[in-house]
Amino acid sequence: MISEAFIPAVTSLGAVALALGLIIHYVSKKFHVEEDPTVTLINDILPGVNCGACGYPSCGQFAEVLVETKDSSMSCPVGGSDLAEKLGQTLGITMAEPKPQIAVLLCQGDNDTARETAEYLGIQDCWAATQAYVGPKQCRYSCIGLGSCIAFCDFDAMRLENGLVVIDKDLCTGCEACISACPTGVLVMQEKKAERYFIACNSHDKGAATKKACDAGCIACQKCVKVCEDDAIVIDRFLATIVQEKCTACGKCIEVCPTKVNCIRLENDLQAVKQKKAS
Amino acid sequence: MKTFAIGGIHPPERKLTESSAIEVMPVPAELAISMNQHLGKPAKPVVKAGDEVKKGQLIGEADGFISANVHASTSGKVKSVKPHAHPGGQYAMTVFITPDGKDEWAGGLDNAPVDWKSFSREEIVAKVKDAGIVGMGGAGFPTNVKLSPPPDKNIDTIILNGAECEPFLTADHRLMVESPAEVVGGLEIIASLFAGQAKAWIGIESNKQDAIDALKKHASQKGIEIVVLKTKYPQGAEKQLINAITGRTIGEGELPFDKGCLVQNIGTAVAVYDAVCRNRPLIERIVTVSGMEISSRKNVLARIGTAFRDIVDFCGNLSEKTNQVICGGPMMGKALFTLDAPVVKTTSGLLFMNNAAVEKSRERTCIRCGKCVSVCPQSLEPWLLGNTAELRKFDEILDFGLMNCTECGSCTFVCPSKRELVHWIKYAKALVNSRQKRKSA
Amino acid sequence: MESVKLKVSYAPFVRSKDSIESVMYNVALALAPATIMSVYLFGMSALILTVAAIASCIGFEWLMDKVRKKPASCLDGSALVTGLLIALNVPANLPLWMVVIGSFIAIAASKHVFGGLGYNVFNPALVARVFLLISFPAAMTSWPVPFSVDMQTAASPLGILKTDGIGAAMASVSLQNGFFGIMNGSLGETSTLALLAGAAWLLFKRYITLTIPLTMIGSVFIFTGIFYLIDPGTYASPVFHMVTGGLVLGAFFMATDMVTSPISMRGQIIFGLGCGLLTAVIRLWGGYPEGVSFAILIMNGFVPLLDRWDQSDRKAKHQKKSETK
C-alpha cells in the first residue's frame, strides 16, 4: 500500500528537480562562452600540466596563441617531437623541432664526499637553510640537499639520495620549474644529448679550498684541458666546463681526471656512475 | 615611563655581565679581517699577501656609495687574502694578518684629542667615512651615509640608542658607564651636523640605572635629554625607539629620516668621537661574552678580526653542554657554524648556550591562540605570515605586510606551538625578492 | 680547545615556557572546579562518566594518529580537554557506551577529519553533544536530580520553561541554587560559581579574553531582558537565563576555544554577538530548550569567513597604501 504521504512528497520534489534542471539548462545556454573548437582540440593534445616551460602560464593559453598566430617556432618541451608532429598535423603547418633540454645538477658532493659544517635544525628547505648559514656542507656552491627543488617538480623526476638531488633523465621534461627553486644555482638546464659528458661541479673556490671542502670537486688542475683534442674544455675562475657543441664524447678527459670521485660524468644518474666505477 | 605603544615582550633579562668592567683582550696570533662588515657592497681589498701594514692602515676600500672602508687592527704582515667564514653564516673575502707584536699606528692616526668644533660639517662626515664607521648595533649601515640624509628630509630629532634590549648583552651598558664623556661627545658631534634644527636624546632602558646616572652627569649642561624607557623587548629596535621617545610611527617602506629622526648606536657614537677627535679608525669593539654555558663571562674589548676561538681561549671555562654559539643577542642573532669566524664591526655578543629545545621540539600546527598578534610591535599577524609562507602563496603574502616585519622574534618567542615564524618570514622574503629579481631580469 | 658540536637553527634562540601542553592542561585545570562540583552533586557515576570520556578521547586520538601516520599527540592535552568538556555536557546518568560514541564523533569525525589539532572548524565537544542529543534525545534530556541516591530524573529548568511555561520553571529552581549549582542539568551546566572560578584562572593566564564571553552573555541578557520587560508573564528573567543551562559553560569554555574562534577583535565581537542572539532566539522560540550548542556551532562555521574578511581588509589597506606612494 502506497502511503498517503508518499505521492505528494514524490510529486513535489520531482517538480522542484524538474524546475531546477530547466533553469540550469537555460543558464548554460544563455551564458555559454564561445570557444574556438580548434583551440579545444589543441588543448586536448597538449600534456595539460601547466608547467610554464613553453613560456606561457598554462596549456590553455599556449593553445590560444598557437591557433591565433600559427607561429611554428612555438614549442612544448614536455611533449617533445611527437607532440610537435601532432600539433603540426592538426593545424596544417610544420612545427619546429623542439630542442629537448634536461635539468642537470652540477654537484657530486653527497654525504660521503662532501665535508660537513654544523648540523642544521631549522626549517628543512634549501632556501630556508641559506638564510641561516652556508648550509650543512662546507662548499658554498654545493647542492644543499634539503630538496626544495623536488617540491617544484611536476613530473616526479627528482629524488634525494644520500644528501644529493638525483634527476631521472627519462622523466625530466625540461620544464625549468626546479631552476628557480634552487638558491645556489647548482641546477642548470642543458641540451638533452644521447651521450654527454659534463663536469658535475660548480665550485669557483681555488683548488686547495675545493679539495678541503669536498672529494668530488673540480680543482682546475687543467689535465682535462690538455688531453682534450677538440678544445672542448674551458677553465673559468678555477672551474672547468665542457663546451657541449665541441665535445665528441671520446672519454679521454675522464681517464686523466685526478679527483677521488671522478667529477666528469656521462649520465646524470648517480647510480649509473657508481655502477660504472664499480665495474 | 615612556615605551612603544604596540606589542612587545619581556624575556628574562640575564644581564649577567652588567657589572663586569671592560677587559682589553690582547692581540691574538692571527687576525682575519673580513671585507664584509657592513650593509652594502663588500670593501675591495687594497693589500695582497706579503704586504706590511701598520695599525689603522686602510686594507679594504669602500666599493660604491653604500659601502665602508676596512682597516688593519694591528701592525704586521698580510698572510693571505681569501674567502673565509663570516659570523653572518656565509663566506666573505678576508684579509689575514700576522701581527708583528709592535702594534704601531700608521702615521697621522691616534692623535691627542682635538676640539671637534674646529672642523667643518663636510670635514666631520669625511672623517667618519674615512674611519670606516658603520652602525655597531647590528645593522652595519655606513654611518657617513646616515649622517648625510637627502636634503629634503628635515631632521629634528637625534636619538642615541642606549636601550640594549636583547637579553645577555651589556656592551653598550658598560660603554655608557665607563666612557660617558665620549658617548656624549659623539652625540654632540652628530647633533652639530644638524645644528639649530635637531634636539638630542639618549634613550636608556630602566634596568641600567648606573648608566643613566653617569650620562645624566655629562649631558646635563648640553641640552641633551636622557629618557628612561620601560624595559621591554624590542625597545632598542629603531622604529620602536622612535615611537617611544617621539610618539611618531615609521610606516612600511619608510625610513627614520622620513619622520625627521636619526638614530645611532652608543658604540657608533663613541667611534665617531674617536674618529673625529683622535683620528682613530674603527679597529676594535666591545663584545659581551656570556651565555649559560660559559662560567667566566666578560665584556671584552676585542680587535676586529679576532677569531671567536681565540676569544673563548681568553675567557676559558666553556661547558661541554654547549650546542649553540650565538653571534649577537638570543632574539635576533645568528647561530655560528664554526668558531673560526672572526669578530666584525657589528659583533655585539658571543653567547654560549645549551639549547635543549632545538634538538627535540618540532613545529606543530598553529592553534590560533593569537599570542603572536598581541605581541607584534609592527601590528602584523605573524601566524598568517607563517602559514602563507609555508603554503608558498607568495602573491598574497606581500599584502599581509611581509616587508614591514622587523624580524624582532617576539612572535616566535611566545608561540606555544613552537612555530619558526621568523624563519618562515625570512624564507618568504628571500623567495619574494628572488622572484622579483627574476621578473625584472 | 676541543671543538664543540655546533647546531645551527634560526633566531630567536630563546622561547617562552608556553607550549600546547601548558595551554591545554591549564584549561583542564580551569575545568576542575566544575568537574569536582559535578561529582559532589551527582555522585560516583559522574566521576566514572568523566573518566570514561577522557579515556576514550585519548584512546581515539592515539588511534587516529596511528591511522593517519602522524606523530602521537594523544598526551598533548587537547584530548583531555575534549573529554572533560564532553563529560560536562551530558547528563550524569548517560550510558557509558553513548559517551564513547560521543568521544569518537568529537575526536575522529570532527577533529581529525578536518586535519587534526588546529584545523577543525567546529568545536569537537559541541559536535559530540549535538550528535548525541539528536541520536539519543530521551537519554540526553533526562537529567538526574542532585543528591538523589537512585538517580531520580527530572527535566531541567530550561526544559520546564519550554514545556510548562514560566511559572513552573521559576518554581523548579531558586536563582541562588542555580548560581551555586543545586539544580538539574548536565554535569557542567549546574554550578555557575565553579565555572566562573575556572574562567577567572584562564583570564589571569591570558589564555582567553573577556571579549567573547561578555558579548555572548551580554547579548543573551539584553535580548531576553527586552522580552522579559515586554511580557514578564511569558518570558523568564535574564538572570534566570544566565544561571540555567549551559550559557556560562559555553561562553567561557566553548565559544572561547582558540582553534574555532576568530583572532581579531572585530571578529570576536561579531562571533560573541551571533552566539548570544542565536542562543536567545532558540531558547525563546526554538524547538529545543537549550540553544547554546547550536548557536556556537553555527557561528563556528562563520569563523573562516570572518578571518577572510579581516585578511581582505588588510590586503585592501596595504594595496591602497602602495598605490598612494
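Going in written order, the chains are labelled A, B and C, and every chain counts its residues from 1.
In this section, a contact is a pair of C-beta atoms (placed from the backbone, for glycine too) under 8 Å apart; a residue touches a chain by one contact, two chains touch by 3 or more.
Small disclaimer: the values here were computed from a predicted structure and weren't measured.
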Identity of the most central chain, Cα criterion: B
Higher-contact pair (C-beta pairs counted), A-B versus A-C: A-B
Distance between the centres, which are taken as Cα means, of subunit C and subunit B, whole angstrom: 48
Centre distance in Å when subunit A and subunit B are each reduced to the mean of their C-alpha atoms: 42
Geometric centre distance via CA averages, subunit C-subunit A, whole Å: 50
Subunit C residues counted as touching two or more neighbouring chains: 5-10
Shared-contact residues (touching 2 or more other chains) in subunit A: 117-118, 121-123, 128, 131-133
Set of subunit B residues in contact with two or more other chains: 89, 334-338, 358-359, 420, 423, 426
Sites on subunit C touched by subunit B in the complex: 1, 3-16, 18-20, 22-23, 71, 115-119, 207, 258-259, 261, 263-264, 311, 314-315, 318-319, 321, 325
Residues of subunit B that touch subunit A when the two form their complex: 82-83, 85, 89-91, 334-338, 358-359, 363, 420, 423-424, 426-427, 430-431, 434-435, 438
List of subunit A residues in touch with subunit B within their complex: 117-118, 121-123, 125, 127-128, 130-134, 140, 180, 183, 205-206, 209
Contact footprint of subunit C on subunit B as seen in their complex: 9, 11-12, 89, 167, 251-253, 309, 312-313, 318, 320, 322-326, 330-339, 351, 353, 355, 357-359, 362, 364-371, 373, 381, 383-384, 396, 398-401, 407, 409, 412-418, 420, 422-423, 426
Parts of subunit C lying in touch with subunit A, wherever the complex brings them together: 5-10
